[in-house]
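Please see the structure below; I have some questions.
Chain naming follows the written order as A, B, C and D, and within any one chain the residues start at number 1.
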Amino acid sequence: MDRKQVNTVTPIDVEAVRRDFPVLERKIHGVPLVYLDNAATSQKPAAVIEAMNRFYRQENSNVHRGIHALSEESTADYEAARKKLAKFIHAKSRREIVFTRNATESINLVAYSWGLDNLHPGDEVLITEMEHHANIVPWQQICRRTGATLRYVPITPQGYLDLSTLDNLLTEKTKLFAFTAMSNVFGTIPPVKMLVEKAHAVGALTLVDGAQAVSHMPVDVRALDCDFLAFSAHKMCGPTGIGALYGKAALLNKMSPFLTGGDMILSVWMDHATWNEIPHKFEAGTPAIAEAIGFGAAVDYLNSIGGMEAIHHYEQEMITAAMTALQDIEGLRMIGPPPADRGGLVSFVMDGLHPHDIAAVLDQDGIAVRAGYHCAQPLHDRLNIHATTRASFYFYNLPSEIDLLVQSLQRAQKLFGR
Amino acid sequence: MDRKQVNTVTPIDVEAVRRDFPVLERKIHGVPLVYLDNAATSQKPAAVIEAMNRFYRQENSNVHRGIHALSEESTADYEAARKKLAKFIHAKSRREIVFTRNATESINLVAYSWGLDNLHPGDEVLITEMEHHANIVPWQQICRRTGATLRYVPITPQGYLDLSTLDNLLTEKTKLFAFTAMSNVFGTIPPVKMLVEKAHAVGALTLVDGAQAVSHMPVDVRALDCDFLAFSAHKMCGPTGIGALYGKAALLNKMSPFLTGGDMILSVWMDHATWNEIPHKFEAGTPAIAEAIGFGAAVDYLNSIGGMEAIHHYEQEMITAAMTALQDIEGLRMIGPPPADRGGLVSFVMDGLHPHDIAAVLDQDGIAVRAGYHCAQPLHDRLNIHATTRASFYFYNLPSEIDLLVQSLQRAQKLFGR
Amino acid sequence: MDDFFRANIIDYYEHPRHYGHLENPDIVYHDVNPTCGDEITIELKIEDGIVKDSAFTGHGCSISQASTSMMMEDIQGKSLDELRTWGKKEILDLLGIEIGPVRIKCALLPLKALKAGVWGLESSVDDEDDDL
Amino acid sequence: MDDFFRANIIDYYEHPRHYGHLENPDIVYHDVNPTCGDEITIELKIEDGIVKDSAFTGHGCSISQASTSMMMEDIQGKSLDELRTWGKKEILDLLGIEIGPVRIKCALLPLKALKAGVWGLESSVDDEDDDL
């Protein structure tokens, strides 16, 4: 993604921002919580929690159908949230935002709805070796069902995409190129706009997995010109239970529905049905109404504290500091590119210490990190690593929390006699 | 469903229960809210709202993977909710409960996962003319994709299933019989257990649409012996954004996954993947964690106020009183069976008054009802009705609200000069 | 919503103007509001890009029927070029009331039918809401 | 979790008992904990329904490896009939600590391997949690 110069952004007032997050007052085993598992899910500010409370306490009702005050209020708020999201990622129209359960379902929607109708034997779907399982398994499945072939852009040992392979891999056979805009293991931020251009040059569509990127940096679907973008609310201060799929209107209009039932139909006869207009065509049954409202409130919140440019800027500072500090720990090896080419997360291995045990020791010190494959097993296989420990930052993390992380890692080494 | 004698249940303390629902303090156009749109979605007690608040404020984290305190707490609470639901519908095991977005997705899951693999040209799927679109359109779609044939059990003008047709319709060709346990238009409660038996006798599986029934009466999947049961949290005091699919473990084990991605896999290689055990095999990506916890709290709440037997008993009283009162309004015609054979909802038409206009007048008096097809267009077509107005009750509705309904309907008649 | 039934909507609903059929209409277009079953068929007589006559048949709620009747009345003598620019605002001005997000579809049904019938525009007429 | 590393788990992890291979084992079973990559292979020598010898190889976290080592040690001389009744409780007794819902899978890995390897039981060993 093209990162602009960020010298002019107003810095985030981290101390003030921390007070917006009730959970940050939590004590874990008697010590204050240090939450460094943000790539798995972010914490929620009171404003988001309260937006959903207000909905349930004051206007809860089903949407789109009711001719009564509560239903009109719910419908207006639900659709207003859609508009906020459209604006947040610079979509042309709110109709290009489909609410789903999470980024995973967004990708599955495209795989089933677009894939089942448009993939044929001989066709290829191109993904990369640094994808999350959410952007691998749906394509394996849909290729199996349609006879299409799944191919991978390889990664370099430094955690970059091996772009030299692109000209061979992107061909007329390629019908879709699906790739992440930020690796959840390396942190790598690939050149999204260039990848989209290259895909379009051979006539392939593009799906960008924005689960990490949309939460941590500015994403402009019109500037990137991507065809689909998948992301989740829960990683960007929003509630669980809701995600979004951005799709260009022209594509969404042409696609078959995915889930079917109430609300997504125009008319139903005994032997057939016709479809509602987009985005409703893709939203079957009672939607996640409170969650959409919470999602909208999360976008408002991110804008209110300074916006994505400022958040990305702060995270760049944090990851630079964190990687500098971790470098000094003997026997610790970080994977992925230098700070300038990544988002605010770092995965590492430590000699003689299993990631599970590292995470367990850290937990005793109140520090939450993640250990394992991070849903990216092919990437780990490629690097010949069993599992890694990952610390991932958000705008409410403090530089002092990096110090605590380092101390606790050193304690783990002592405990296991390394 | 077999309704037991309910003489011995402790009656619900409606006045006390109403205080549990913050929204019931709402004023609409200056008058107190009379919420009679419960079949669309129910209101939420403070206990459910607070359970989700507590999660977000104190332990929010992703589940199943994290080795830190918050993740262990979240995982434990998420799985505890599953157990509550399993118990609520008398499943054998918590593994038989799959969390989905709503009843609609639950049905789609079976249609895609079981249907794509098991339906072939010549096979038949049997549904009924009183189904909600959620239990019609997915079967139309999957029959279209597989070449199977969709057939309907007809309804009688009184709003019953025409059971005399069953012996002709249920044959060896029938692979699945999917039907509602309570019509959301007629209120009709069909003989579920008998229908399941008849289907099993020809070797067909059964899917029960429990979206209305599970919210309003006791449902025991083991007593009914149904193979699948679909329902939604939001209709039973729970949050939006979550529903459940019950499936017999032996069936779920055999079925292909539906949505794919993180958490539902066992291992992922570049060219294939293996699946996690049930129910996780069917839950891809970050689940609706807060919502599951809210769903569990809803079940606790329903049990705490007296249980489903008591709720059903109270609603029987209410619907009897309501239908008696509505009968006296000239030019008003109710559809569906007498109170003894239905749940707590009634749909009606009024001479010269369009349902939309009825609903709009009622709204001016603070009364929320629903007007339209109620997502059951084939039923309306069959009866040759354009649309109906529906009043649907829950355990927090008062007998006095029936009087307000009647008065407001009479006002509508005057306003439109009828 | 409050002045909903104080406006002359009920009057147009009970006594629809331009209800019925035209002889040899140039354009006949049938449209429905699937959420509730409102149905209308509009018939137009066009000469030199001007609406010479208009009529409708249908059934549905007071909003959809009054809105259609008022529109059929108002567009007489207007040019298609002008009508092409019509949006939500023009219809709400005719009706003279505020309308919530659900029933707006009833109110806009005749506009939707006009745009689809005359220009084949299938896109949603409330897209002007879409200023981001 | 607090006494996690006070127990002798680290000792078993660093100095695993019964690590290695048997000659002509009757049963060899490989199992993984896919969430984190814990892997073990257990090898058993069975005579008259009694575990005569046992060993394992593998890699993973301290919990999975210590749990496997302790179990290989403990089951020596026990009858398969007895082992068939083993559940979560027996393993936790061996480990001597409480374990949360996520890492319980690490602890139960050897039990899962035993049940799958000896009786072909693929069902989850923490199903006893399932008392509704």
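We take it that a contact is a pair of C-beta atoms (placed from the backbone, for glycine too) under 8 Å apart; a residue touches a chain by one contact, two chains touch by 3 or more.
Model, not experiment: these values are computed from the prediction.
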| task | Identify the chains in contact with chain B as well as chain C, in label order. | result | A
| said: So, comparing C-alpha centroids, which chain is the farthest one from chain C? | reply: D
| task | Name whichever of B-D and A-D has more C-beta pairs touching across its two chains. | result | A-D
| task | Would you kindly tell me how far, in whole Å, the mean C-alpha position of chain B lies from that of chain A? | result | 32
| request: List the centre-to-centre spacing of chain A and chain D in whole Å, with centres computed as mean CA coordinates. | output: 37
| Separation of chain A from chain C, taking each centre as the mean of its C-alpha atoms, in whole Å | 44
| At which residue positions does chain C touch at least two other chains? | 1, 35, 103
| remark: Two or more other chains are touched by the chain A residues 29, 65-67, 69, 71, 265, 267, 356, 360, 363, 371-372
| note | Listed in rising order, chain A residues that touch chain D in their complex are 29, 354-357, 360-361, 363-364, 371-373, 380, 386-387, 415-417
| Residues of chain C defined as touching chain A within the complex | 1, 32, 34-35, 100-103, 124, 127, 130, 132
| task | Mind listing the chain A positions that touch chain B in their complex? | result | 22-23, 26, 28-29, 33, 35, 37, 40-41, 43-44, 48-49, 52-53, 56-62, 65-71, 101-105, 107-108, 112, 129, 132-138, 140-141, 150, 152, 232, 234, 239-243, 257, 259-265, 267-273, 284-291, 356, 359-360, 362-363, 366-372, 375, 377-378, 381
| message | Which residues of chain B touch chain D once you look at their complex with the stated criterion? | response | 64-67, 69, 71-72, 75-76, 79, 83, 86-87, 91-95, 265-267, 274, 276-277
| task | Over in the complex, which chain D residues touch chain A? Could you list them? | result | 1-2, 4-5, 10, 14, 35-38, 59-64, 103, 106
